[in-house]
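Take this structure first; my questions come after.
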């Protein structure tokens, strides 16, 4: 079977990680997974939220949002509706949790990094692109903090790297990194977040149609682990390591 | 290793499913997973939301909430704060999705069932208790609709049953159905939703501390599948089947 | 005339006061006035709201809410609508005021008790059941505070007890403790809150249809005073005094 | 005992009812109870809210609000805070209920009258002034509708008149129509709404300090009935009857 | 051409500035531009918002609002809708900015004056009437602060006066101080805020229909400068200078 | 005097208009005024808002927003705060009004175009860049509608073009197209919107410090008219005319 855009089942879409996109932010990346484009900025500030003061630990959090016309049909702004929808909440929390899994908050010291992930154009996989790009922006913001001695030179605030990819079963076939047209017809949809050393930070699989069995789950996990390995390579290159 | 409440690693907490708790609702269950108590009511109404009218299909949705003092420390009411938090949104969506996985909306006809899952007392696993109880309330509401001929006698709106359980790794040991004290110290936390025939509807695993590897993931899935099988038995008994 | 449920005009519905319902709260009661069931929890915390700090006085407040399907037809959640309705506000304020009428805030010291009254099932008289149950939960929370020396042993934070009942005129006949079916057809509806010694804390009478005259008002007050006396006896028994 | 402003215990403050204050509204009154000034406008529109359409019946409702500096200390605007407080809700509902008690909605036909009661200056008794003034504005709006044949000439949409006054016990003495300085020190506070023929529409008595007994309640009711009789005379004069 | 109300093109509507309208506010004015009536109160408080503390400078801000039936058709309350509309925001900001242009915040010291401008009746030009009236209320509040030594006797917190007027082009003719009927048909609409010495604080011109050219702009500015001069005279008289 | 970035007083920053940026929108432009970058998308939909149905006329509106880290210091998201700020409201309204000034809504037919202007990076002049870019996106969306016959081939929905620029007085010198560093120290700040033929659609001048006189106003208008002429040329080139 050939995929809609000619990829093989285990192939990622073209990945670009454009570092230093923003003039203002301490770290910033315009990440693209094919036509999905997400602007990730990392804002470094000294100090932590009130509930964490005096703990000696830092804080990392994230906010995700889609521009109203990032999608095929215009969506209402959440600021205009006056409240954030469930999906937005869910993804913001996922991104924050994923990044914190590789952050040593003690080493970060009482500093805060906020990752803003704004989807400029959506074509499936926005949350996984956001996590993958936000990690790079975070790495830059941490380096910024160390250069300015806001973080100790000897500290290692990042214990590893983190990347994410979607996988799914389309017409019975497990596929890596679904684009929008694949995503809407997938029977099962899964987002997997892995560390650079290939372990799991988050596994979220959902049966959109038929429930899935253990073999299907295993096939999807295999694909995802491979995809995250490739993304990790892209992150490393972008960071010039 | 002995667990805090004396259970074995693969043992559920005492399960009670108290059907017909409410005088008003078309289906209602007070479900208990040990000290976790959730009131699940199913409200059956003719008609569907505007966006679904004329489709010939029904709709099933869910809302989850915690009473302010269901927890050890009182939490603010979301109605008073004027907005629903991310966690509440996330769980409401999970419950709705899980139930819809066994609903044949065509067979349901243009009817709506709303499941309200209100946590009266929380001791870990509130979302999994909610799904497990809500399925029974939903089954009763569907039966109510069939008795009143709002659903065709020959229709089978439920294609199967659904139950959910939490699993996690505590001090390196995979455990089934975590109580609150286990939950807060777990390194990895996973919620698994299964159909009565043992397939997966939803798998949500999160590393709270160290990332987890494939072997740990497999051990957790084994426990969860066994736990859901036991819960399904409890659901069947409660429904007198 | 015989009432719909066979009671005499001056008879309360069956009263149950189930103390210690909750594992977490410092005081808790599941109170039932017939089919009306309200879960009342009292949360004791050291300290007072900012505006009261340094006054040496404590604070007692209440929040009332109905579960969406506590009623015959499902109501929208106020958390989902994003605002609290007028009726909810009004009743929360009434409960708080009623309880404070028997609290000596100086004797309570700089401690706060929040009463949450959540209606699990509604059949008329939810606010009066809430007040009657909340008083017992409050008494338990105050005792809890005295055992832990957060309140002085010699202090008497409660100057008396408080209970409440509804009365109304149905087809020209004054009746005590209206159930829902009586309530919706009542020409006049009155809620009366009394202290244990038979004095008034709150009298709220409303003509739903025809205005009422002085004689009718007097007949209703007589019924209410008698009803509160009976409720106070139930409270005393529940508290084992 | 002489009152702070020299009145006798059963004496109203100077009453002025300035009809036709607004150029735009179908009925409008600037009512003053001493220094308490409330602008009451009645907006007549054809048609009724959706839930009442086709019933053949009209609708009358009210909204109460205080200008931020109508009081001694500036209060935040509810529009800025983004929600309406409990007190505002409570009073709006009271005004609406009081006016509807003298409206024959069938005779009104499918028309709506909204009463806006905005407190320009507050000195105690704002809700009772609002009810008293709003009745006159309502009468003018109904007359406006009849002149324009939106209401049948033969119909009598108003079955009577309605007025309201506060009473309270200050240092043990029952007083009529409390000004702010009396109100804040009152042990018991009561608002009474009467029809023109001296019957009760609403009785709301609250013990602010000590609970009150039956004799005190009776003394307050006597004062209130007398005060409403005087207010009704003022309303009649203002309407030129 | 004769205007709808008989004025010449460069003539203001009758101006009244009723000082000391409110019993409570430190400064207050009921200002009328013809049938447009705005109640402006100035609330003086010691201290400044948190972000300004320790700066030695004071703060002046404004809030504008319209009563629901100040207009020909009733508008919903912003408090009921739960948010402030764009127009309200815009005008509040304009009033605040205009007043601050003549305030020396250093001379004011760490004190705050809040100007509330509530439109009781609208007939065009509500924002310009609000600015013109608010200046007088502000002057009174500043004088109040100086009498009470909250502002140094030698300080001059007001560097000048400020007034505002609308101008517009109606059927090709530039007109001063548009009433509502003129405003709705104007091709160009402009609000101009001037200091007492004839300089500009704010110029806001908008083409409602055809764009306007430089000559038309100049004609409008000429009219506005003349109108502000007349208003400034009215302010001075009202202040008894 | 040489400007901070070496420009002459009457020189625009480098202008780029990147058409067709978005895969989804009917018209889209990434516009840059120096370091200020705004993504403008035009969403074309058949039909109009309810209040305009049956009029035969179309509707054009705009929404402006800043990404949280488009600025030097991160700002809170308005969706998280739950309400839109005054500045955002004001600018959204300005953009919509400016575009409508060149739209013949009758020729547009009952179609709606929504312009979303999201600031990706801010360095002064975001609103003027938004208007200038949005016009080009609008032109593309209108062309899209004509190609698909949703607008009549013979219709001319755009009566002209529109562009905008900021001007201001910095240290006494009138300057064109202020960057952020100039903007914050400007004594007077003015935004001017012109049509392609050099007439005014909107003139908004504000004294940030000292009031400005007629000569200064004239100098600023001269600069703005010249700047808009240059921008119009850039728009024409981008559209390939």
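Every chain is named by a letter (A, B, C, D, E and F) in the order it is written, and numbering of its residues begins at 1.
Here is the rule we use: a residue touches a chain if its C-beta (ideal position, glycine included) is under 8 Å from a C-beta of that chain, and two chains touch if they have at least 3 such contacts.
Chain identities (UniProt): A, B, C, D, E, F = Ribonuclease PH.
Just so we're clear, the structure is a prediction, and the values are computed from it rather than from any experiment.
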item	value
Steps in the shortest chain-to-chain touch route ending at subunit E (Ribonuclease PH) and beginning at subunit A (Ribonuclease PH)	2
Subunit A (Ribonuclease PH) to subunit F (Ribonuclease PH), fewest steps along touching chains	1
For subunit A (Ribonuclease PH) paired with subunit B (Ribonuclease PH), centre-to-centre distance based on mean C-alpha positions, whole Å	28
Inter-centroid spacing, subunit E (Ribonuclease PH) versus subunit B (Ribonuclease PH) (mean Cα positions, whole Å)	59
Centroid spacing, where centroids are CA-atom means, of subunit D (Ribonuclease PH) and subunit E (Ribonuclease PH) in whole angstrom	33
Distance from subunit F (Ribonuclease PH) to subunit D (Ribonuclease PH) - Cα centre to Cα centre, in angstrom	50
Interface hub residues of subunit E (Ribonuclease PH), defined as touching at least two other chains	82-84
Chain-level touch network, classified as line, ring, star, complete or other	ring
Starting from subunit D (Ribonuclease PH), with subunit E (Ribonuclease PH) taken as the next chain, the full ring order	D, E, F, A, B, C
Subunit E (Ribonuclease PH) residues touching subunit F (Ribonuclease PH) - in the complex, by the definition given at the top	83-87, 89-90, 92-93, 97, 101, 190, 194-195, 197, 199-207, 210-214, 217, 221
Subunit F (Ribonuclease PH)-touching residues of subunit A (Ribonuclease PH), taken from the complex the two chains share	22-25, 28, 35, 39, 41, 43, 45, 63, 65, 67-72, 74, 77-80, 82-84, 88, 114, 116, 118, 120-121, 123
